[in-house]
Amino acid sequence: MADTTDLTRSIVRVMAQTAIDNEEYFGELDSIVGDGDLGFSLARGFEVVAQELNTTEDEDPGAFLRRVAILITSRTGGTSGPIWGTAFLRAATVASAAARIDRPTVIAMLRAAIEGIKARGKADLGDKTLLDALQPGVDELERQFTRDASDVEAIRATARVMAQQAEATATLQARRGRASYAGPRSIGSPDPGAIVVAYMMRAVSESWK
Amino acid sequence: MADTTDLTRSIVRVMAQTAIDNEEYFGELDSIVGDGDLGFSLARGFEVVAQELNTTEDEDPGAFLRRVAILITSRTGGTSGPIWGTAFLRAATVASAAARIDRPTVIAMLRAAIEGIKARGKADLGDKTLLDALQPGVDELERQFTRDASDVEAIRATARVMAQQAEATATLQARRGRASYAGPRSIGSPDPGAIVVAYMMRAVSESWK
Amino acid sequence: MKRFMNEPADFVRDMLEGVALANPDTLEYVPEFNLIRRKAGPSDGRVSLIQGSGSGHEPAHAMLVGPGMLDGACPGDVFAAPPLEYVLGATRSLRTPAGVVYIVNNYTGDRMVFEMASEVVRAEGIDVRTVLVDDDVAVKDSTYTVGRRGIAGNFFVIKAMGAAAAAGAPIDEVVRIGEAVNAATRSMGMALTSCSPPAKGAPLFALGESEVELGVGIHGEPGRQRTTLSSADQTVEVLLGAILAEHDVNRGDEVAVMVNGLGATPINELYILYGSAHKQLRERGIQVRRNYVGDYCTSLDMAGVSITVVKLTDEIERLLSEPAQIPIRVF
Amino acid sequence: MKRFMNEPADFVRDMLEGVALANPDTLEYVPEFNLIRRKAGPSDGRVSLIQGSGSGHEPAHAMLVGPGMLDGACPGDVFAAPPLEYVLGATRSLRTPAGVVYIVNNYTGDRMVFEMASEVVRAEGIDVRTVLVDDDVAVKDSTYTVGRRGIAGNFFVIKAMGAAAAAGAPIDEVVRIGEAVNAATRSMGMALTSCSPPAKGAPLFALGESEVELGVGIHGEPGRQRTTLSSADQTVEVLLGAILAEHDVNRGDEVAVMVNGLGATPINELYILYGSAHKQLRERGIQVRRNYVGDYCTSLDMAGVSITVVKLTDEIERLLSEPAQIPIRVF
C-alpha cells in the first residue's frame, strides 16, 4: 500500500507544482474569453495542497485524496474550486472502496472524477470545458491498459491525446461556464481548463521514472 | 462721431470674429500649461458681443464700449471674463470722457485698459500674461503715432511687435494665473492670452483699409 | 495599467481591511474568510443575509453590509467566486435560528459553491435558502445557456430583503421578497474600456477608439455586440430599449431606475445619462419614482455604465424606502 | 477619449438637468445661470450659501446643494469660473435678509468674478461675504505665488458652514466657521492619468506607463513633480507627509480624513489607500475620528486621488456630524 500512496502523492505533487508554476500563463489563457482568474484560483488551491503534502503522514490513497479534495474545494475560488474538488472527491471514494489501486481501479477513479465534474457542472462532452481533454485522455489510457502497454508508454500516449484534444477545443463554441457568454466569439481559442489538465498530464508523464 | 463709432465697432467686430474663429486653437494653447478653457470662454463671450453688434443702434464709442465691456464681463467665464471686461470698461470710460477719439485718446484708452488689467489681475509686465504682448504693442503704437506714421503703417508695426512679444513670452516663467502653478515648467511655451491679443491685432491690421 | 495597491495578491485583503478600519463601530473583518460582517451580527429572531461573489465589483458586496442590508459578505478574490471555506465560515459566523439566506449572482462558480455550502450547513442544522439574481438582459435566458447574469440589480434585491429581514420577516417571506424583486428587475450595461484585473496588470480585452461593448458583463464578459459609441441620448435609447423588451413595464407603471457606473465613469456623465433615461421613460409614459445614480456594482477600473429598471409595486417601493446604513455614505 | 455625452457644448447643461430631474422635490435648475438651487430656498432668517467654480469637479459643487449644505451652485463651464451674470443671478435668486456667503476656491478667475459680483450686489443692498478655500499644499503659499489652491477640502468648509447656517447662525459666525475649517484643512493629490476636457476630447497632459503627477491640481495643473508610482502604502506616506508638514496636527489630535477619488479611480482602490492612511496616522498617534472615502471633488475622468486631513475641534466635529441632504446619496 505504501507504494501506491507514494505514487498518488507524487502525482498530486506534480499537478500542484504545475498549477503553481503556470499561474500567470493559465490566467492569461482564461483572460482571452474568460475573466482571467483561473491561474490565481488554481494556484491558491494547489499551494495549500503542496504545503499539506510536506507536512502530513502517509496514509491510504483514498484518505489522502479525500483530504486533497477538501483542501481544493475549500480553498479554491471560482468555478474551479467546486469542479476540481468534486473530481478529487469522487476519485477518492472509488479508491477507498477498492481493495487495491490496480489499473482498473485507476480507470474507475478517473471515470468517477469525470462523472463528478459532469454532475457538478451540468456539463457534457463538447461543451468546451476541461472534460474535452480529460475524457478522451482517460479513453486513451484505458486503451493503452487494454493492450498491456507499459506505464510509461500508456502515460505518454495519454498526455499526447490530452494535449491534442485540449488544443482542439479551440474549434468548439462554449456552452458552459463564463466562456459561453461569448457565444460564437468563444471559437478560436482553446478552453483554459482543458489546457490545464493537459499541462498537468504532460508534467506527470515527464516526471515518470 | 459716426466715423469713430463705426471704426470702433468694426475693430470690435474683428476681435470678436478672431475669438470665435480660433476657439479650438486658443483652447489648445491654454491646455499646454493651463486648463484648456480659454478658447471656449472667449468664444462664448465674444459670440454675444458679435450678436449685439448686429442688433444695436449706433451710439457714441464710449457708450458702445461700455456695453461691450458689460457683455464680456457677464458672459465670459474663467479669468478671461473679469480681465477682458475690465479692460473694455476702462477704455470706455476714457472714451466717454474725451471730446473726440483722436490718436492721444486711443493711446489713453489702451493705457487705461492695461492699468485695468494690472489692477484686476494684480499682475505686471513679465508675469507672462497678455500684458506682455499688449503693453509693448501699445508702446509701439504710440511711437508710430509720434513719428506721424499712417494708420496702416502704425497698426502693422504694432501687430508685428505684439506677435513677436507674444512669442517671446515662451521664455518667461509664469507668476500669475493658472500657468504659475507649473513654475519652471511653464517656460517653453507662449502665454495663450498674449497670443490671443496678438492674433486679434493681426486680424485688425489685415482688415484695415 | 496604473492603480493604487500594494501587492496584487493583497488587493482584496487590503481593501477589506480599509473598509473595516473606516467603520470600526459597525463592521468587523475576519481575514480567514474574507468576511466583512456586522459587528453586532443579526439578532436571534432575524433572518441573516449573506452575499459571496467575486471581488472587483465594489461597493458590491463587501461595502453593502450593515443594518437594513447584508449581515455579511465573504467575497472571493478578484472575479473569483469565494472558496467553500469562506462561505462556510461566514455562514457559521452569522447563523441565526431564523435562518440564513444566500443572495447569489447567477454565475456557474457562485452557484456551485453556494450549493455545496448549503448542503454542508444544512447538515449542521442551519435553515439555509438561496435567492438567485439574474437581471442582465444582455444574455438570453434559455435551457441552452447558463442563464442571465446577475449584475447591478442585486442592489435592489439586497435592499428589499434587508428591509424585510430587519423588520423580522420570517425566512419564507424574505425569500419571496427577494425573488419578487429579482423578477421585477432588468439591467444592461455598456463598456467604453476594459477592466484590468490587478494580477494581470493589463486589460482583459481591447476596444478601439470609438468602439464599445454593448451588454458587457461585470467581469469583462462579452455582451451582445461591439458597436460604435454614439450620443448619451442614443446610448440610453439602446440600453433602455433592450431592457424594456424583456421587462413587463408598461405605460402608467412606476419604476426605480439605477444609472450605475462601472468603476471609472465620472458622476457628471452618469447624470447626463440619468437625464436622458428619465426623459425617455417619461415619453413612454413610465414614471421614475426612485432613482439611483452612482457606482453600485462595478467591474474594477472599467469605464462604462449599466442601467437597471425595477418595476415598483407598493411593497417593493416601501421596502426600498426603508432606512439602511452601509459603508458607502457621503457624510 | 470616449465619454457619455451629447454635444460637448451641452455637457454642463445636460448634467445639471439630470441632477434636477433626479431630485425633483428638492432641487430646481435655472438654465439661464447654470444654477442648481434648493427649491425651497433659504428661509428669511437664514444665511444663504453659494458656490460657483468651474464644472468638471462633480459632485462638487452642483451636487452639494441641499439642506445643511449649499443653497445654490452656479458652475461655469468645464474648468471655467462662472461668468459674472451667473453669480449675480444666483445671488439675487437666493438672497436673504440674513446675508449671502460665497464659498470660493482660491483660483484667479473664481476670486475675480466673486469680487466683482460682491461689488455689484452690495450696491443692491445685499450683505455679501466671501470665504476662500485654499487647502492644497502642493502649491507654496507665498506673496510670489497666487497662493494655495482650493481642492477637495471645500467639502468640509461647505459642510460646516451649511450646518451653522441651517442652525440659524448669523453671517459673521458662519464666515468665522468657514475660515476656521479652511484653516484646519490641508490636502494633496496625485494623478495616475490626465483628465480630458469634453470640448478638447483629448488628455491635457501625458503621463508615462508608471509615471504619476504628485500634487496635481483638479484642473490638471502640474503639481510638485513627476515621479514613479509606488505602492499604495508609499503613496499615502508621501501624500500624508506633505500634508502634515504644512499642518498643525500633532500626536494626540483627532482628525477627519478624506480619501477622494479624482473621477476614474474605483472605490476598492480608495479603500486600500484609506486603510494605509488610517494605519499611518495611528502610528503617528493621530486618531481618525471621521472618514470620507469616495468621489467628492473630481477632475473629470482623471484617475487619481487626493487626501485631505482636517484637524478636529469639538465645534468642527459637531458641525460635520449634523445631518444634511444632497443629490449624492446611496438609497
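A few notes on this one:
When the chains are written out, they are named A, B, C and D in that same order, and each has its own residue count from 1.
Methods note: a contact is a pair of C-beta atoms (placed from the backbone, for glycine too) under 8 Å apart; a residue touches a chain by one contact, two chains touch by 3 or more.
Quick caveat: nothing in here was measured; it's all calculated off a predicted structure.
The minimum number of touch steps separating subunit A from subunit C is 1. When chain centres are defined as mean Cα coordinates, B lies farthest from subunit C.
Chain centres here are Cα averages; for subunit C and subunit D they lie 29 Å apart. Chain geometry summary: the mean Cα position of subunit B and that of subunit C are 55 Å apart.
Distance between subunit A and subunit B, defined via averaged C-alpha coordinates, is recorded as 76 Å.
Centre to centre, using the average C-alpha position, subunit B and subunit D are separated by 32 Å.
If touching chains are joined by edges, the resulting network of the protein chains shown is an open path. Every pair of chains in contact is given here: A-C, B-D, C-D. Those residues of subunit C lying in contact with subunit D across their complex are 2-7, 11, 14-19, 21-22, 55-56, 58-59, 63, 159, 192-193, 209-210, 212, 229, 231-233, 235, 263-276, 278-279, 291-295, 298, 300-301, 303, 305, 320-321, 323-324, 326-331. The touching residues of subunit D, when paired with subunit B in their complex, are 54, 76-85, 88, 107-109, 112-113, 115-116, 139, 144-146, 149, 197, 199-200, 204, 217, 219-223. Taken together, the subunit A residues at the contact with subunit C in this complex read 27-28, 31, 33, 35-37, 39-41, 44-45, 73-83, 85, 120-121, 175-178, 180-183, 185.
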